[in-house]
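Dumping the structure here so I can ask a few things about it.
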Amino acid sequence: MTLFAKAAMAAFVGLAAHGVAQADVKVAFIDPLSGPFGPSGTGAYTSYVLAFEHLNANGGMNGEKVELTGYDNKVSPKESLVQLQKAIDSGARFIIQGNGSSVAAAIIDAVNKHNERNPGDEVVFLNYAAVTPAFTNEACSFWHFRFDAHADMKMNAITDWLIKRDDIKKVYLIGQDYVFGKAVAEAAVKQLGEKKESVEIVGNELHPLGKVKDFTPYIQKIQASGADAVITGNWGQDMVLLVKAAGDSGLKIPFLTFYGGSLGAVSTLGDAAIGTLYQVSEGITNLEASDAQYALIEEYKERFPEYDYYYHRAFEAVDMLKAASEKAGSNDPVAIAKALEGLTVEGAYGPVTMRASDHQAQQNLYVSTVAKDVKYTVDNTDKGWKLVENGKIDAAAAEEPTTCEMVRP
Amino acid sequence: METIVFSLLNGMIYGLLLFMLSSGLTLIFSMMGILNFAHASFYMLGAYFAYTIMGVTNFWLALFLAPVLAGGVGMLVERWGLRRVHVNGHVAELLFTFGLAYLIDEVVRIIWGRNAVNYKVPEALDFTLFTLYGSNYPAYRIFILFVAVFMLVSLWYLLKRTRIGLIIQAALTHPHMVGHLGHNVPLVFMSVFGAGCALAGLAGVIGGNYFITDPAMAVQMGPIVFVVVVVGGLGSLEGAFLAAMLIGILQTSAVSINASFSDIFGFLGLTASSELGRITVAQLAPTLPFLLLVLVLIARPRGLMGEREV
Amino acid sequence: MTTNMTTLAPSASEKFTQRALPFILFALLLIVIPFIGVSRGTLTLFNHIGINIVFALSYNMLLGRAGLLSFGHAVYLGLGGYFCVHILNWIADADGSGFWGNVPVFSLPIFGFAMGALAGAIIGWPSCRRAGTAFAMISLGVAELMSTAAFMFDSLFGGEMGISGDRMSGPKFFGLSMGPIEQVYYFIAFWTLVGTVAMYAFTRTPLGRLSEATRDNAERVQFIGYDPTRVRYLVFIFAGAFAGMAGGMSAVQDEIFTPDSLSLIPSGAILIATYIGGIRFFAGPIFGAILMTYMGSNLSDYTAGWLLYLGLMFISVVLFVPDGIAGLVFGFWRGIRSPGRYALIGKWITQILGLALVATSVIVVVEVAYRWSDGYGDVFAPFGFDLPHNGALTWVIGTLPLLAGILILRRVKRTESEA
Amino acid sequence: MTEAALQLIDVHKSFGHAKIIQGLNLEVAKGERHAIIGPNGAGKSTCFNLISGRFRPTSGRILLNGKEVGGKPAFEVNRLGLSRSFQVSNIFANMTVRENVRCSLLYSQGHGYAFWRNVGSSRELQEKTAWVLERVGLIDKAHTPAALLSYADQRTLEIAMTIAGDADVILLDEPTAGMSHSETEYAVELIRKATEGKTLVIVEHDMGVVFGLADRISVLVYGEIIATGKPEEIRGDPKVRSAYLGDDAEALTLGGAA
């Protein structure tokens, strides 16, 4: 148990007042908690903190309390392995990670090796955000479960929505020049070609990852191409600067993004975000939902005012973990892994199923855009995310086939 | 055609920003021999100071006050830090600024948070100035141009027409001479360091809302500033100007070239299916400055217009 | 004449205690560690320490010994490591036949060494023609170029995912399957010792001595018949080679390499570690590697401000202890054996007291500031004291000890310079 | 006529427009002790720098034992058997006295750039180091870091490093500059002893040293040699006397008397 996390836990869970509760199931959260990528990791960490807090309040996993510990990996694959080893060493059998496909790949690899080399001591990896399709296709693993839709599925949602918009005839693809960005572009080309041949791809551009400070030249290329919409998998600063440059140059066409909802994009763009910034996600706060869900959203915002309720899948993942433990009747990682396969839980925004063949969660996806006059705003602005017309993509429609050949123990 | 016009225009603005940032470092590096690793941190401080001042008062006050504050911090750093390590040589000074960059990054995170702050272009300048080939041209970019040119002219006047300018010029080319002229060398150094940092701060004030103001902005800008200074040449503001414009335009134009290696070197038998052949000029854009840096240092160590070798 | 020789050269017993004994103790320590019942996680930490010791020592061949400040030393570790991960895969693919089929994973650092040397030979050729700041700038440019280029060649560097391998393939060496972490530990320990001894031996060779001469006075070196450029170049190749060797060790330990391992960040980290350890002493980088590796992977567990502490520590070392930890350790060692030891001990105790006071304030301020800035309402509460950001006690503890500490330290310094 | 140890034929050197050396001709025979004197700024140091390979001559030839060395890098000139000292102590400050001398010996002892040999294991190297230190009288300070030596000792070390490599032509650039009277006497004795059987070229301001040591003297004024000859010839040369005005001319006389 680490001090930082201890202090955090004590404050969050209020354990300090009640003495240390007996912790029987240890869960390790390995993601950046400091440094430049700290915010994205901390945003998810706080979601898990709240989710496990609720789980513990409702009887834990088969009556056992769950203890969540944060490990700071500084988004380095190597450092993640050190932290993974520390986590396993301190008794963690469930590993949560999401930031960066390179880190996820390293963890999958390390978990596979660990489980092979240390039978009886297995650990399970719960991936909440690393969306490279390979993890549930050719590189799939029994020990890995993904709760976020992967890049091809998200693209499926985007293209499904896009083909219903008859005013969009020309599409421009722009992405970061690395595995993930290339995968996004490939998926877009393939899916658009299959779904609607009349949509023309007028540009397919990769820019260096995290190095471009002024996207204006790219925006000018987009303008020159006469595109009606832009599809991008950009995240972080590349996301924000891209749409910012578009706003400056007066390019008012839809930007269909994977991570438009990430921290800071809406506030940076200001009113220019309305009607230009779109995102695809597994749920947004302004969807119709139960009162319990609204209460959760409000509780989250109250506890962590710096962040917005964004990582809905964190709560889904914890729900599934609980359901699997009950189904298995045990908290043993192997038993839970087996129980997770094919498991369905009723989420706030529709059912979530963990597909047995590749351990990829199947759930509804929603295309949303920025609007004013919404119930829940983001980034402490007056704007928030709102479902667009035809924006709900059913799980079945977003589903993608898998090439996974699962090897089970 | 429009690509060329836009590339030149945007490249020029980027180049001017780079110059504003690197002119200070050229002064510091040439006179004091300190390759200030934290120089871009003062750029960041300028942006954050401006953000805070703008929140309380307005942009125009920030434009004036933020560079002054950044310069003040710079002077304190020189007085209480650099001067102390000076006896241990240039490597120690360089390492000191290296650590300082870390420190400023973290302090900025504590004070202003880990996320980007909402430092906006002032409303008075937030409009479209003209439309060119169907693309809006924001007035703020032209404002950057004006500020940069104004700074350029003032700097030129200061260096060529004033007494202190003459001293600085003498020191640029003959750093050992200043002491013999009977001037208070520590004071001159402190002022130059402060002025350099103030220039970086000014670049931050007008660059922070043009790009983005977040704790990573220093790290991203840092290495490129070195490139400008070294490529431009030691002791030469003209060289720094030339290098900044060159890099600004080079990087901006390279982005708009879609040609791949196989297109360019096809005659050598390079095919588009090979990994090397698929690389495009646009992809190479961010590596160009560093390629330039290495080539210049090897082939022409004094840089484009430098008086001395690095 | 012979009598002169004996007076000049250290005696056999001096040689033993000063040169052989430390290495024997080091080796014994390395052997004993797994027997004291450490966990797998601790062994992983030790393995990384071992890798960083070799890496930092190789870096100090440049910075401390040859006076070359490099911002791109991780390039050689990265290239050596990448090569070894590829070899891991070739070994697995060869499946016991052919050349690679017969290469034991245990020998990988040798290949890393060769690759590092090759990279050093190629990159060093243009860059070693310049020394000083120009060299530093070239190394910075090369590091940026290499790490960006690595992203463009996926087949060699695997994109952002990097390339991974499996250390359990290939023929066994001494019956080691290399699977369990304990076995990897012995592998790392072996190569750490080999690397350390080899690099120490290097300092005693003519080339090693010449590199120090070139650092001190490159011009004079020319007038004793040597080409300083050539000296730098050769040393650079060796530094690259040992970094590559550390890369080979890392390839086996972590079984993965990613392009960011070539970037400025790990290069900067090893610079900091080496400098904090003390560049003027052979053992300095070892201290630095141990401390920095430990801090890097464990300090972040205790505080969100670990980067700030790291920066503060680095700056303090640059400002006040340019000889680093090794300088302190050896200064202490000399001090307690000197006749004036009692006065010294008194001075040290005062200094430690002053430092502790300063540290208390700094820690309180930093911790409170981080919690305040996080905005979770989390309160820093060391030893049960609540120190909220708006509490008077917080700012009393945050300022008074700091001032008192500075006063004490200045006083010590003043009496020292008066004496 | 035997081959000259050092021969300069019509050597010119200019920096930009400044012509520092204008047609220098000099011949130093093997085993000769030759002094170069001249007023400040005459180009004496430049002359040394040209011979030792620090500067490249603009034109002209420099022959060392009959081989062309003009424009060759300094380390090559050194390897051909020429060693020099510096006016300002130019030593390896962070190394001990012993290491300084040992490094100066490495090349001549055939160690090259070796990285497979221990410097401590070569008996010859140790003995030669000790011999050199013994000879210059620094043996007691062998383990002192060079930077901590007194000024005079640093000058001595400078000479030790210069003679260590067994070069047969030795160039000494103001070896006694800044030394006290007794230190100077000691240094002269040292130089005389250490350069026995070698060719010595020395630049010196102290006329006592010059006239005490040199077999022949050349007078360098404004980049040209105006006179060369035995000490007594130089002393009587009116051109030399007019080049040296005032105190310096007196020094010339005094030096002769000493």
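Per-chain residue numbering starts at 1, and chain names A, B, C and D are given in the order in which the chains are listed.
Here is the rule we go by: a residue touches a chain if its C-beta (ideal position, glycine included) is under 8 Å from a C-beta of that chain, and two chains touch if they have at least 3 such contacts.
Because the structure is predicted, anything quoted here is derived from the model rather than measured.
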A-B or B-C, whichever has more C-beta pairs in contact: B-C
Geometric centre: closest chain by C-alpha means: C
Interchain centroid distance [CA atoms averaged], subunit B/subunit D, Å: 49
Intercentroid distance (Cα basis), subunit B paired with subunit A, Å: 36
Distance between chain centroids, defined by C-alpha means - subunit B, subunit C (Å): 32
Separation of subunit A from subunit D, taking each centre as the mean of its C-alpha atoms, in whole Å: 75
Residues of subunit C engaged with two or more neighbouring chains: 148, 152, 154, 307
Contacts with two or more other chains, residues of subunit B listed in rising order: 113, 283, 286
Contacts with 2+ other chains: residues of subunit A: 38, 177, 208, 211, 306
Chain pairs in mutual contact under the definition given at the outset: A-B, A-C, B-C, C-D
Residues of subunit A that touch subunit C when the two form their complex: 2-5, 7-8, 11-12, 33-35, 38, 71-72, 74, 76-79, 81-83, 85-86, 88-90, 100-102, 105-106, 109-110, 113, 117, 132, 177-180, 208-209, 211, 303-306
Parts of subunit B lying in touch with subunit C, wherever the complex brings them together: 33, 35, 81, 84-85, 88, 90-92, 94-96, 98-100, 102-103, 105-107, 109-111, 113, 223, 226-227, 230, 275-276, 279, 283, 286-287, 290-291, 293-294, 297-298, 301, 309-310
Contact set on subunit B toward subunit A in their complex: 2-3, 6-7, 10, 14, 113-116, 118, 120, 128, 131, 133-138, 210-212, 214-216, 219-221, 252, 255-256, 282-283, 285-286
Residue numbers on subunit D that touch subunit C, as the complex places them: 52-54, 73-75, 78-79, 83-84, 86, 90-95, 98-99, 102-104, 106-108, 111-120, 123, 126-127, 129-131, 133-134, 139, 142, 161-162, 164-165
Footprint of subunit B on subunit C - complex, ascending: 67, 69, 126-127, 129-130, 132-134, 136-138, 140-142, 144-145, 148-149, 152-155, 264, 268, 271-272, 275, 305, 307-308, 310-312, 314-315, 318-319, 322, 366, 369-370, 373
